[in-house]
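In structure tokens below, several structures.
Both complexes shown next keep subunit A, but they swap its partner, so subunit B is in the first and subunit C is in the second.
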Partner chain A sequence: MRGEKMTEATHATGQEAESSVAKKKAKTLSEPVFAWLLIGPAMLFIAVIVAWPLAETIRLSFMEAGLGGEEYVGLANYQDLADSRKFHQTIVRTFYWMFLSVGLKLILGLIGATLLNAAVPGRGLFRVLVMPPWIIPMAIGMIGWLWLYNGYFGVLSGTMMSLGITDGPFEFLAYKQSAFYSAVVADVWVGTPMVTLFFLAAMQGVSRDLYEAAWVDGAGRWYRFRRITIPQIMPVIVSMSLLSAIFTFNSFEIIWILTEGGPRAATTTLIVDTYKTAIGNFKFGEGSARAVIIVFLLGVFSILYLQVLKIVNRKYGTK
Partner chain B sequence: MATLNLNAINKSFGSAKVLHDISLAIEDKEFVVFVGPSGCGKSTLLRIIAGLEEATDGSIIIGGEDVSDAHPVDRGISMVFQSYALYPHLSVYENIAFPLRVQKLEKSDLDGRVQRAAEILQLTDKLDLKPGQLSGGQRQRVAIGRSIVREPKVFLFDEPLSNLDAALRGDMRVELTQLHRDLDATMVYVTHDQIEAMTMADRIVVLNGGRVEQFGSPMELYHHPKTKFVASFIGQPNMNLIPATVLGVDASGIKVDLKGGHQMVLPVETATVSVGDKVEVGIRPEHVQLGNEGLEISVKVLERLGGATITYGTVGGDTRFCASLPGDALIEEGAPLKLHVAPEACHVFDAAGDVLRRKAAPELVA
Partner chain C sequence: MMDKYTKLQMVGIYAAITVFLIFILLPFFEMFMASLRPLEHLFRSPYQFWSEDFSFQAYSDMWETVPLLGRYIFNSVFIAFSVTFLTMIFVVPAAYAYARLEFPFKNATLAIFLGVNMFTGAVLLIPLYRVLRTMGLLNTYWAMIVPGVAFLIPTGIWLLRSYLEKIPKELEEAAFVDGASRMYTLRRVVLPLATPGLIVVGTAVFIGAYAQQFLFAITFNQQRELQPLPAGLFEFIGYQDVTWNQMMAAALTGILPVLLIFLFLQKYLVAGLTAGAVKE
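Presenting the complex of A and B:
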């Protein structure tokens, strides 16, 4: 077909040639139209579930909005947040929560993936056993953790008492510090399997020859891990830490089920604060301002991460 | 550099025995090629020498020292892998320097060795590039460079050219042979390609089913194959094997009746053969000439290569026969053809596949 058209064009002269060119142009134009038709439904879907709610959130953030109606207040909601020491503490706490939790997930994920990747008997079974925290519904998992952290019935408190670490029952979720770190542990428990499995998949993609060549050259286990495994899976580590950071930053259910952000806001992260303000107190305008700030912070964070990814790819990439 | 001795090496994977009593004595500075079909155990044998696999039985002596239980790095070997095993995230320089970094060598010494290896392999202007930016042949050289800087007693190569295209493979064969001469090193090289074996080796080990079929120089294997397997494996195109019956035995050799009706007297040792025995007569495609009488073949396909015409046909109805004839030979597909075969060029194999030694084979070049 294509050959025939080319032959026609070669023989065409004068007006014929012009009409042939016009025909060709029409053909070329139809390709983008076809492409738009293909991605149109997806674009529409994104517009309805992402773009419109986002635009509405931004609009509401300039309003004093509640159940009774809306009133335009300009930047007042943002001004209030800028002046609020409590809000500043929430931002700091959220980043601390995120870095601590993601850091632990990455470290444990690396260790777990390394162990699961090792040629040990029954590793298939271990690979399956890693999954439950990820596949158990979050609410059920967190009810389990509530029981574990319970001072009177919980295994942890009981064990601590029997070991003489505490004199009486210890309510993990009742004190500011212990509640925060208990929530971090539960979040790490939920998030580590995914990180582990991604790292494991990346490690399995590293050619066995590289390890054998290094072994023949005298490189020990730690040297091989440091000089081969880590650089080879570095792009996955960086991508995974970005994904994990976003999930953790926005992690709501875990905190809400365990502590509802308490005690005394010790576990209130930005997302919990936003929910409490907008849904708990029906202050939709103030809540929206918080949501916009979350989007902004995550946007900046993502851009920085993409820069890091570029550097990593330059350093550890193949070209 | 050093000698390499393998003593009664056996290897089993579970109940499957893959190597049977392999004993070899490889001389200092020798280039030895392990060749054989897929699954013959050649790579396993090389990996045992490297220390990447453990032998079930037997010992490995390098430079007079028993290294059977030694860690690979303490064996004084270096290995070039089929996949090159280059670290994609490291530059050419760092890839070559890798073994020296492991050894924590002084920076100046390290740099000197890397630069020297790069010079030998013409990689000096590529040191800052990453393996992904190199051609197949250049990557191969980097892998060799990483071996050279170790200054090993024995170099091991595991099918290093199999990922290259035919033209580059030819070039690299020459480069490796040259490198062997320049380094004056003991090298053990694994391949399934008999052309690589013939062109590069000082001596060839032909492996089949985990056993050594024959260990000798390329021309020794060509002129004096000990078994039918070696005879048909070495040489391109493959040797023709025609079933025959022994009609007579005397001091000059044996008289055979070849399938298709042609009879010949072949000058071979007769100690293990008697009248009526079934044998196979091996005739190399390049050892036949066009003639008015002799072996009659029915021509099926011609491949005109210019300098030669590879002629494929059958003898006695269904036994395949290949002849390498002059490029401009006046022959046609579908036509019968008479071929003259010199008796002294024929090989004879008994029913067990062992050769009856030829009396009139060419003398071997020392």
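Presenting the complex of A and C:
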């Protein structure tokens, strides 16, 4: 960002005493200048496509803006949101969505990674089979879930009918409660493979010596899991849950394709609300205020979380 | 031995893995089954687990129902390749700087890059929409490529950096002592050594680029001929009825490219993607 300051930092880095090297270094670019030349293009690109729009979003949030023009309205957009009971519900719903979904992803990821880490024949194949939901476009995965949740033709409703749980077809996405939890399940489905993979990689990084020492001392599997595996992979668990929380908070496509935020706003999270307001209704100002609130909430959440991460790292050591 | 399981434990592990995989793979299985059923059988109520007349008819009909389907698949692949190419051009030098060089604000700028990950999704769409409109890029391929690149640069830098750090420094230093310029060293010494890493990161970026098209497509592009597959698929939801079987066939055809790439490279990918996480 502040690239111009860099150029004056031309102090020589010459730790090596060899004079020939020193001479060549004088001819060639200094390390900081070269480094900034290398990261400059990427920085510039991010500045134009991410940082500037971010600043624009903040500016627009104080405007009444649409397709026509814009007019300064001060804090009116925020005032409206502060007064809106619907918006409060949306915030609560978004956090509920996030904690529930991330919690499930972490639990399933931990179970999945433990299973895939077990020394059984075929685990190489299982590891590959877990990945598809992560690597395919979410939109395409959601078409699969739309089909599963279909009351008349979907296998879930079909199974429930033949087991006699429901009399007729059950449309999972048509009722407030069931639509919300159906979307959570689909979101967990998308997010679990990544969590599983990272936990698995962390588990494989744990030194075997630790397990063997414990095993020699007669520690059982569960004890080893609790007292060695979990503490050893704790830093990855913590950083993964932050990453997963951010993704889940911002999860848009899944909800949009399954329900578009309905029925009766039951699946409208902050991001869906923002999209509907801004892109759906061209209320750029009101949408921007919502976007700023998202960034603010995520920022506060991340800072709090990083404090937790620090404590965890201190306790378990940065492995 | 420590890793030995009893028969009962083995059964338990396999049973649990099976349940886990059913959850992961059920949608794909059902999509495949649906793609094989004739349309009128799909709509048969009560639900049938088995149809007598499975066929691959939908896989040939789908090209007629949505005539642009081939184009959509091409667009998806084209956009993903363009995004990957551009992303790598930005990522390679930056990742090298973070892996090897010392410079002021190194950690701060890296944090800024990684912070971009927080803004994925719809947060920036409003101004981005206006930026693209001002630049006259709305309803062009660029409208889907440019934002795609921006959101993949951070991940790319992060992944490639941890790969480059593992390359021994001595070769670069040798070239440097021999009088090679920094740029020459990067081009002729570092990049050839880093080729496997470049392939892994490039593939990861490609998969990301292929996966993230939907939001940008539905927001920044209204031109049907330019639409990527994830957006184009919804054309199977017609005014009259939904040709579910063909939609499923098209969806499965559309994910084939990424699945194949993933299968070929999965061993390296998994190791490459998780390298950063484990080290830290």
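Operating definition for what follows: the second predicted complex is superposed on the first by the 281 of 319 C-alpha atoms of A that agree within 3 Å, B and C clash if a C-alpha of one lies under 4 Å from a C-alpha of the other, contacts with A are read in each partner's own complex, and residues count from 1 in each chain.
Just so we're on the same page, a contact is a pair of C-beta atoms (placed from the backbone, for glycine too) under 8 Å apart; a residue touches a chain by one contact, two chains touch by 3 or more.
Please read these numbers as outputs of a predicted model, since none were measured by experiment.
Participant: Per the contact definition in the header, classify A:F296: touching subunit B only (first), subunit C only (second), both, or neither.
Facilitator: neither
Participant: Does subunit C touch more residues of subunit A than subunit B does, or is it the other way round?
Facilitator: C
Participant: In the superposed arrangement, does A:Y316 touch subunit B (first), subunit C (second), both or neither?
Facilitator: The first partner, subunit B, only.
Participant: By the touch definition at the top of the document, which applies to A:M161: first (subunit B), second (subunit C), both, or neither?
Facilitator: The answer is second: A:M161 touches subunit C but not subunit B.
Participant: With both complexes overlaid on chain A, does A:Y72 touch subunit B (first), subunit C (second), both or neither?
Facilitator: Neither partner.
Participant: Quick check for you: in the superposed arrangement, does A:T274 touch first (subunit B), second (subunit C), both or neither?
Facilitator: A:T274 contacts subunit C only, not subunit B.
Participant: Would you sort A:G218 into first (subunit B), second (subunit C), both or neither based on which partner it touches?
Facilitator: First partner only.
Participant: With the two structures laid over each other on chain A, which partner does A:D209 touch: subunit B (first), subunit C (second), both, or neither?
Facilitator: first
Participant: Does subunit B (first) or subunit C (second) touch A:F99, or do both, or does neither?
Facilitator: neither
Participant: Go through subunit A and flag every residue that touches subunit B in one model and subunit C in the other.
Facilitator: 212, 215, 318.
Participant: Within the complex, which stretch of subunit B touches subunit A?
Facilitator: On the subunit B side, the touching residues are 50-52, 71-73, 77-79, 81-85, 87-90, 98-99, 102-103, 130-133, 146, 150.
Participant: Which subunit C residues qualify as touching subunit A in the complex?
Facilitator: By the definition above, subunit C touches subunit A via 2-3, 5, 10, 13-14, 16-17, 20-21, 23-28, 30-31, 34, 42-43, 45-49, 89-91, 93-94, 96-98, 101-106, 109, 112-113, 116-131, 146-147, 149-151, 153-154, 157, 176-177, 179, 181-182, 207, 210-215, 219, 229-231, 233, 244, 247-248, 251, 254-255, 258-259, 262-263, 266, 270, 273-274, 277-278, 280.
Participant: Under the touch definition given earlier, write down the residues of subunit A that touch subunit B in their complex.
Facilitator: Per the stated touch rule, the residues are 207, 209-210, 212-219, 223, 227-228, 231-232, 234, 315-319.
Participant: Would you mind writing out the residues of subunit A in touch with subunit C in their complex?
Facilitator: Touch residues, subunit A against subunit C: 1-2, 5-6, 9, 13, 18, 20-21, 24, 28-29, 31-32, 34-39, 41-43, 45-46, 48-50, 52-54, 56-57, 60, 108, 111-112, 115-116, 118-120, 126-133, 135-141, 143-145, 147-148, 152-155, 157-159, 161-162, 169, 189, 192-193, 197-198, 200-202, 204-205, 211-212, 215, 235-236, 239-240, 243, 246-247, 250-253, 257, 271-272, 274-275, 278-279, 284, 287-288, 291, 294-295, 298-299, 302, 318.
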